[in-house]
Amino acid sequence: MKKVYANATEALDGLLKDGMLIAAGGFGLSGIPELLIAAIRDSGVKDLTVASNNAGVDDFGLGLLLQTRQVKKMISSYVGENAEFMRQYLSGELELEFNPQGTLAERMRAGGAGIPGFYTKTGVGTVIAEGKPVMEFDGQEYILERGIVADLSIVKAWKADDTGNLIFRKTARNFNPPAAMCGKVCVAEVEEIVPRGSIDPDHIHLPGIYVHRIIQGPHEKRIEQRTTRKREEA
Amino acid sequence: MAVEQKGWDRNQMAARAAEELEDGMYVNLGIGIPTLVANYVGDKDITLQSENGMLGMGPFPYEGEEDADLINAGKQTITELNRTSYFDSATSFAMIRGGKIAAAILGAMEVAENGDLANWMIPKKLVKGMGGAMDLVAGVGRVVVVMDHTNKAGESKVLKACTLPLTGKGVVDRIITNLGVLDVVPGGLKIVQLADGISEDELRASTEATIVN
Amino acid sequence: MAVEQKGWDRNQMAARAAEELEDGMYVNLGIGIPTLVANYVGDKDITLQSENGMLGMGPFPYEGEEDADLINAGKQTITELNRTSYFDSATSFAMIRGGKIAAAILGAMEVAENGDLANWMIPKKLVKGMGGAMDLVAGVGRVVVVMDHTNKAGESKVLKACTLPLTGKGVVDRIITNLGVLDVVPGGLKIVQLADGISEDELRASTEATIVN
Amino acid sequence: MKKVYANATEALDGLLKDGMLIAAGGFGLSGIPELLIAAIRDSGVKDLTVASNNAGVDDFGLGLLLQTRQVKKMISSYVGENAEFMRQYLSGELELEFNPQGTLAERMRAGGAGIPGFYTKTGVGTVIAEGKPVMEFDGQEYILERGIVADLSIVKAWKADDTGNLIFRKTARNFNPPAAMCGKVCVAEVEEIVPRGSIDPDHIHLPGIYVHRIIQGPHEKRIEQRTTRKREEA
């Protein structure tokens, strides 16, 4: 069962369809599947719903799909870094469903874990609770949130073996594992494909069962806010 | 130029907020003044969570050592410590929602006497999203708000009831402002401390919320 | 001595069950005959899950190389492969419940024509527990049961309705017995294949369930 | 904040109370907190409810607490390896709540994750569903299962640093992370306490936030079923 593909376009072959739901990993511009996003843009697929914590910036990450108007709806927790997003949203061209960040992450994990709904305190008494079933547990109110099952997941990892076992690096892990879990099909892009057995089985962050196709490629890995301290402060 | 603020300045507010933290605590600090709290923890053993998937957040990197794979929830480049662990976003908010984070110190637009908090949106203005704020206030052990007591027009931000859409209902435990420290208690707010040079009358005059003591 | 079983023996049943598996599948094998299926996958690229937290289960270790930290769901010592990954029980059943495991091959006490499965308890006898069986039959993509067609008294275990407490309702896709292969279809069971030396009449005579073809 | 204790008795000091709910890690005899179980036996605490996938064997693991009648109720998925358990259960001395294995693991994770209830297909149409609220999602029936919050969690890991960051080894990980997550207090026993910084932060399986007290000690690590193949078979 060959999972390794030559490039992002080949890895997405046959998987894209207008109107589909895509779950994407990444936080800000860190750990985003930049090669797959570019290939989705080039494919011309449209009317997408994208579940992703953020929406990239104007000219990088998911912002690329907003420029081309391929996205119909975003499911996100924070979209403040994207002026084009705001323009489309305020003009009514783009739908937006805000989810609290932890609710979004848990909805993805739940969808992947066969859990169609779970109760959470997050958002009780706020606009987030509107229209959602409420249940009381031990005297406290909770709202029902739904699991997300995506038609396609796109994620970025640090390394993979050819069976799809993935490891991530530092905070670039973020939404990638839950996004991968919730996809009916998951395509992963990595910085390096390593031989089987070269990753300690106890170090694998996401087992290959969740990953159907893999590509290796060069990543820009853009930094959104370069904050530093001076050496003399040390 | 900004108008001279009465009472504590930003750093003094952060220093006061740092007194809320006890040895061994795992803590989440919001953006703005709360970020400054890290400068005042002294030799207390505090572990900072960054909700994008990290416990044990270190300071900004030295110039040239920035790593695109190592950022905080404000998307700033940071560093790791020898106690650091990384995890995914579902695990990160599992610990937040599950009450494992002892305290969150957050900014606010408005706080009400019943503990309601508004800090994520102003209707008809740009809406950027709540990020992890709703999860934090719903889940952590103790919510401490650090903010200016009044807005630029001099109106109280410590209210009988919030006017903005809520981030959380009845979630705030303590409010630290430039004028002093107030606790959310049954019936309203209780003055715990006055900022340097602030009289109780000044604090009361700037507070719309019911003060019970 | 056990009575000579008609049709396929245990290994032939396992070999037939192995034909259910396709290249690239992640599979969970139950205890008993299903365990033998691993011997018959040939050069197909099959990854075995052990629900206590492992993908890529290898064979038993060589004598002297047993590791208390490396066991399968039957608590037997096993080995790892170069594709192996380990994870915790919540993650393991997340992938089972979430339908990521393509197939489970399981033993059974009774199967009914509507796909009901009973394989975890006999009332008033010792009750050991369902372990992971209920999760597996509820979650995996395809459930294949491998069992003897009749019990020791010669009574059919392929029934119109289960008499024992259920492990899952309407969960079985295919039944492989010593007498042949049957699929659960609307209205009852469909004969897919007869075991070597078994006539259709013999299979029908040993089956209480409705056969639709 | 000192988390490292000299031994199991000191690590449990002040944490034990008659009638409490304890969540224990381990699968069969693999990865069980054997030192803490022995110390709980020696403490004499009684009327315990224990959530653990299995109940040990007669003379090892949780079986020790059954011998001494300190357990009032077990929440488990499989208890077939323990004759004393069966005797007490059949004579009505011991309560038993069977949970499907995945439901038990998820209940622990949920309890630790602030999720008081979640829906699952597991057990629908079986005795497990009796008395549980049912909800339909997308035309399918699911039952509501509750998160478990334990008064105390006891777990076994391979290594820890002194801040409580844990790593596990192979299939001995099993129920230990979810059990640790669901405890109001969690005590971990490990084979080795290593210096801070000696575990790669990307390899940590359970962050120290979940672990309040740690002990290091010698482990018997008994094997329940020693299955092997002969070298000539290779």
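Quick notes on this one:
We just call them A, B, C and D in the order they show up, numbering each chain from 1.
The working rule: a contact is a pair of C-beta atoms (placed from the backbone, for glycine too) under 8 Å apart; a residue touches a chain by one contact, two chains touch by 3 or more.
Computed from a predicted model, the values in this text were never measured in an experiment.
With respect to chain B, maximal separation of chain centres occurs for C (centres as means of Cα atoms). For the pair chain C and chain D, the distance between mean C-alpha positions equals 28 Å. For this pair, chain B with chain D, the centres built from the Cα atoms lie 36 Å apart. One finds 55 Å separating the Cα centroids of chain B and chain C. Chain A and chain D have CA centres that are 32 Å apart. Each of the following residues of chain C touches two or more other chains: 80, 86-87, 93-94, 96-97, 138-139. Residue positions of chain D with contacts to 2 or more other chains are 106, 109, 113-115, 120-121, 168-170, 173, 201-202, 205.
Interface note: chains touch in the pairs A-B, A-C, A-D, B-D, C-D. By the touch criterion stated above, chain C contacts chain A in their complex at residues 23-24, 26, 45, 47, 49, 55-56, 80, 82-87, 93-101, 138-139.
Interface residues of chain C, counted against chain D in their complex, comprise 50-54, 59-72, 74-78, 80, 86-90, 92-94, 96-97, 116, 126-135, 138-139, 165-170. Residues 1, 109, 111-115, 161, 163, 165, 181, 196-197, 201-202, 204, 207-210 of chain A are the ones touching chain C in the complex. Chain D meets chain A in the complex at residues 106, 110, 113-121, 135, 137-138, 140, 142, 146, 167-170, 173, 201-203, 205. By the touch criterion given at the top, residues 27-31, 53, 76-81, 86, 98, 100-103, 105-106, 108-109, 120-128, 158, 168-178, 205, 221-231, 234 of chain A touch chain B in their complex.
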